[in-house]
Amino acid sequence: MGFLHTWLPYILAGIAVGGQYALIAIGYTMVYGILRLINFAHGDIFMWSGLIMVYLITTLPLWVSIVLVILFAIILGTTIEKIAYRPLRTAPRMSIMISAIGVSYLLQNFALYITGGLTKTYPAIALLQRAVSIGPATTKMVTIITPFLTILLVFLLVMLIQHTKIGMAMRAVSRDFETSSLMGIDINRVITVTFVIGCGLAAIGSVLFFSNYTGINPMSGAMPGLKAFVAAVFGGIGSVPGAVLGAFVIGIAENIVKGTGWTTFSDAFTFVLLIIILMVKPTGLFGEKDIDKV
Amino acid sequence: MKKFTVLSLILLLAMTAFVGCGGSGSDEDTIRIGVFEPASGDNGAGGKQEVLGMQYANSIQPTVEIGDKEYNVELVIVDNESDNSKAVTAAQNLVSKDVSIVLGSYGSGVSIAAADTFSEAGMPAIGVSCTNPQVTADCDEYFRICFLDPFQGTVLANYAYENGMRKAYCLSKLGDDYSVGLVNYFVEAFKNLGGEVVQEQFPDKNSDFTSYVANAKKAGCDVFFSPVSTEAAALIIDQAEAQALGMPILAGDTWDSNVITGAAKGKNVEVVVTTFYQEGGNPEFDKGIKAWMEEDSDAITNNGGNTDLAAVTALGHDAYFVALEAFKAAGSKDPADVLKALPSLKVTGLVCGDVSFNKTGDANKSEAFVKRCDTTTGTWEFVKKQSAN
Amino acid sequence: MKIQLNNKIKAALTTISIALFLILVFVGDNVISSGSSWRMLITVIEKGSIFALVAASMNLLNGFTGLFSLGQAGFMLMGAYTYAIFTIPSASHDAVYQYFGGGIIKWSIVEVLESKIGVVGHYLGLFIPIIFAGILVAIVAYLIGIPVLRLKSDYLAIATLGFAEILRAFFQWNTLGPVTNGSNVLRKYTTYHSAIFPVVIAGICITIILLLLNSTYGRAFKAIRDDEIAAEAMGINLFKHKELSFVISSFFAGISGSLLAMFQSTISATPFTTQMTYEILLIVVIGGIGSISGSIIGAFLFIACSEWWLRGLDSGSWLGISSDLMRSGFRKVIFAIMIMLVVLFYSKGIMGDKEFSWNRFVNWWLTRPQAIKNWPNKLKSKLVSKKKARMAKSDAKARLKQEKADSDYKKASGTPLFTPLPISDQVIVFDKEGK
Amino acid sequence: MDNRQVVLKLSDLTMQFGGVVAVDNLNLLLHKNEILGLIGPNGAGKTTAFNCITGVYEPTNGAVEINGNIVIENYPKGKMKEEYKGRNLGKYTKSQTMLPDKVTKLGVARTFQNIRLFKGMTVLENVLVAMHMNQEETVFGATFRSKKARNEEKAMREEALVLLRKVGLYENKDDISTSLPYGKQRHLEIARALATHPTILLLDEPAAGMNPQESDELMHFIGEIRDKFDLSILMIEHHMQVIMGICEHIYVLNYGGQIADGAPAEIQANPAVIEAYLGGDE
């Protein structure tokens, strides 16, 4: 009981932030699955979703704003794919990754310009920010809602991947890009859908994340984005359940590290975890080994 | 073909840039004051508020008479991005724009980083709200018009101890000279008084303060001392409310900002800060600057959306007038002459109290204002004047 | 008509231009007063040469060995700290390490040598810590390389990025405070006195990199970049050569870090973030992946744009244009857009993978009048070919539509669209090397 | 029986990927100065066998012996133990692998089915890369152009040029390797392999994509280099004309398994081989 009393707040915080990382990580893992691209701009799409919410809420009602934010993220994501990734699809992999880094740089700097470099306060969503007590710990409602919502969304996503035609096409493309296109699958459509799902989930993640940590500045997306990516690698990049599991592990571990006084290393710890997993099982928890073709 | 376009573009850029830069600088009737402040990054909000004070001062007093000649005063503003590595080039940029004196910065880290640049160029600089002792300690060119962290730390420790707090949780940001320094001086003073402390640091770009608040509760502290940037402050206040922190949050001058009052409004938290200026201390100034801001929507945006005054704005205003006095005393706009005139300068009639410099170039200040946030109205209420003894 | 210069002329041209450049820097540094707007030229040259070095070192890894590594900022950080720690004068220790009782290293290499052998010692004291910083970084890189270099492309990138972040946290660790001053700035250490210093050091280092690349080892690196499997079949030990490239690259990154420390005159771990690595990478891309001369040009352009030429965009008027849009941050937006344009439309960068050559330069210069004259025609033919491509594309689209209709028809008549692939449960899996 | 010395011996070599047996119990002997053919329909496991010999893959079971020494040996372990479908389980108990560069250093050079030249480099540089492994000078000496490094570099260039002259690429020495016509690229690959000073040469479909005249030339060329460089050659080839023309002995694979081996005439008459080819796609 004493243990729980001490550690419950950290675990709760870890689960909440883990769920939010999970929603971002799905975007990374799916895009990587299809395009073999670390979409470095994904974290910034997440940040922009938060930023747009700040501007929308001043004139529009909450629910409309949330829907618009999700739409915005989807449009932003697919546009980036069309402009910055699609033309480079046949180029060497390094070029497309550099393009992703360039987009990330642009999104951050544009946010810097729009906000004037100031931190914006995320609008209070009463439902999410209400304080609740669980045993000895007091926390925000969003902490409780996040894991359930995350798991629900992931369940829906897995159903989609498993049982719909587009889901099947996605699996096929992730298996073998070229053969799939020869088989008559519309690759562009699959990629667009992937970005739609990834960015939509990131937008939902941004609502949850920024309701919990209410400051948004141009760099707000960088660290969560990086951690979500690590979560995706941890779980075996390409695997949706793996990414979710990885995200929860990283969220909880990070908070426990902070709780034990190693606060200097709370971010670095994520990377230590990453390097350990890459050394022990380079393909992550759920990833599958494969063979280089000679 | 491609190469040609790129190269000609580059050449064009280079040439025009030279022309563009070379064109300015020989205007006889203008005197330039360099403003070395962050407009982005961690301290962007504070930096902008500080610049507002200077701009307002410039609007009410746009000229200065040196000898018998009247000069127009022009502010040359450069963004140091709250980043120590960008600060050096930003400072060099200012120096190269033929300014006569530099004002700033808001934060200590960038000022320390730029000190050598100013020193090499023989450029006098007046720190506005950079409170870390290292800014002026080894730099003859740097002066400042605010109090110092050892003083502020002691004041805060005294306040805490006098109000029955015995165990303090101190949170600073990694790599931030201001918060690390102030926490250090606070801890020293608080321990001397017989208090007990728990110290922690959070990394750059951190936005999750849940665990730090939980740590403070776990350790059973009486006060949460976190003199960090306003960005982090809003997040800390938020978490304190969410987890029912149950102890007052104590901070230094950076927190004297409408960002904090905005964040704390309607929340069940107690926020106490020490600062340079209390709104209402000089009604004429308050009224003037508010009217000025209301005319300019950009100014309101830069002030964070309303006209609530931050102490740094008042300090910025004062810095501008100190600079004008320095010109008058020097009788010249040559940086070397201004530098010679500064040590013996005495300026009165400022909003944050008279300014004179001691041997290291720091202003002689003996009192700080203690303010508490009224969470129902979202404004600051004056508590007391606190001294170091 | 193509002009071929003989080697003697080329060597002479190179020597003369380097000498002229050094004289320019030296004279400029001493003549241009600090109040002049031309002073920024010297600043840009100083910082530019430091970034040229680190970009060249990154190019050695990314462009010549084909290792996508993103750890450069971490190694620079380490180099900067190593240099700073060993050159803080003993008199300043108490002031610098004010929270750590003056630190535990109470001496400075510069002072020790100066007291022993005078002025020569002072200058020697500047060089030794730089080399030492490079060596220390190289050793750490060697250790990091053992596990990390077994990883491929993206995984390698993310692991090196992770190590850079770990290094940063490590240097900020309070427990190491007596050495690293925790997360506080290090300052007061000895720096160079003339802008020519970083230019010369960076120049020497870049020359060494070029020499290395033109040796048999350089060829082996390029072979690994072009085709790992074929390189291995040619008897090239992949791991040994990757490690070699990684260590050498880190060595120079460490040296550029110590130069950066000298340039900035204060150093703290905070700015050495992933963002900094990205910026170095963008320099490499702008200059051309696989071209050292490209990295040098890229570095000077990047620094000049971000620190000097575009600054006007932030303050309301630039090149005589003024606009309300131009407020704080506008410079960076324009800059980011420029970079994106390079990445998307000039993906080979300024130099592609070619090095600067006098022959090409002279011929390029001589053909300019003709090229300018031909420009309208060229543009026209380009437009025509673009139009053709567009038409071909729409044709292809129509064909695709037809095919789809066919396949729909087939589907309706019972032939499956594609054979479902055997995919294990809910897991999407792929091979590492996607095409 | 062949009395020449055995330079390469594959014993029960088996390679299984997941549930697919790509090479099934291959036993093969290559004698000194012999030209050996390895044929079979597409997907028969020929290239996989090459990859096992050169260390690119780790075989699942079996051993590779070079010049009388076992250099690679393996047996099914871990998950593979249950999944293993091949034969001779338990016969091998040692696990010994060798990286491709080490195999090359032992004197086994190879070419690739889908030409793998270093695309950014000139013809001469491609050959020079292959000589790098014999360089004794350290990276330090090479960078700073020590006397030793200069001498080595000079010797390498001379040797490379000799080699290029021998394979008829001297005129193309400064061309970018990938700009060469297809046939010359094949020649360059062989020259590059020769530059590693091999005793055993593995050729993976050297005549692929060549017209009858070119492949005829190639056939003579292979015979020539065998004599000039004192080589033992193992080659995979689809062109029956080439195989039958120069090979002394032929092994036939189908679905990973070895279905026949013998002299060219025997193979041509072998019903199993005819069956495999008619049933296959080649």
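Going in written order, the chains are labelled A, B, C and D, and every chain counts its residues from 1.
Please note the rule applied: contacts are C-beta pairs under 8 Å (C-beta built on N, C-alpha and C of every residue); 3 or more make two chains touch, one makes a residue touch a chain.
Only a predicted model underlies this, so the values are computations on that prediction, with no experimental measurement involved.
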Pair of chains ranked first by number of touching C-beta pairs: A-C
Going by C-alpha centres, which chain is most central here? C
Could you put a whole-Å number on the gap between the CA centroids of chain B and chain D? 71
Could you please state the distance in Å, as a whole number, between where the Cα atoms of chain A are centred and where those of chain B are centred? 36
Measuring centre to centre with CA averages, how many angstrom lie between chain A and chain C? 29
So chain A residues touching two or more other chains come to 112, 116-117, 222, 264, 267-268, 291, 294
Multi-chain contacts in chain D: which residues touch at least two other chains? 56, 112
Going by the touch rule set out above, which residues of chain B reach two or more other chains? 39-40, 174, 201, 203
If you look only at chain B, which of its residues touch chain A in the complex? 38-41, 44-45, 48, 81, 174, 200-203, 205-212, 214-215, 217-218, 230-232, 234-235, 238, 241-244, 259, 262-263, 301-302, 304
Name, in rising order, each residue of chain A that touches chain C in their complex. 30, 32-33, 35-36, 38, 83-84, 87-88, 91, 93-95, 97-99, 101-106, 108-110, 112-114, 116-117, 158, 161-162, 168, 170-172, 174-178, 180, 183-185, 222, 226, 229-230, 233, 236, 238-242, 264-265, 267-268, 270-272, 274-275, 278-279, 282-283, 286-288, 290-294
Per the touch rule, the chain D residues reaching chain C in their complex are 54, 56, 99-101, 104-105, 109-110, 112, 116-121, 125, 128-135, 139, 142-145, 149, 152-153, 156, 192-193, 195-196
Across the complex, what residues on chain A touch chain B? 6, 9-10, 13, 17, 112, 116-119, 121, 129, 131, 137-140, 212-215, 217-220, 222-223, 255, 258-259, 261, 263-264, 266-268
If we count contacts the way the header does, which residues on chain B are in touch with chain C in the complex? 1-4, 6-7, 10, 13-14, 16-18, 20-22, 24-25, 39-40, 76-79, 83-86, 88-89, 92-93, 95-99, 109, 112-113, 115-117, 120-123, 134, 137-138, 174-177, 180-181, 184, 201, 203-204, 335
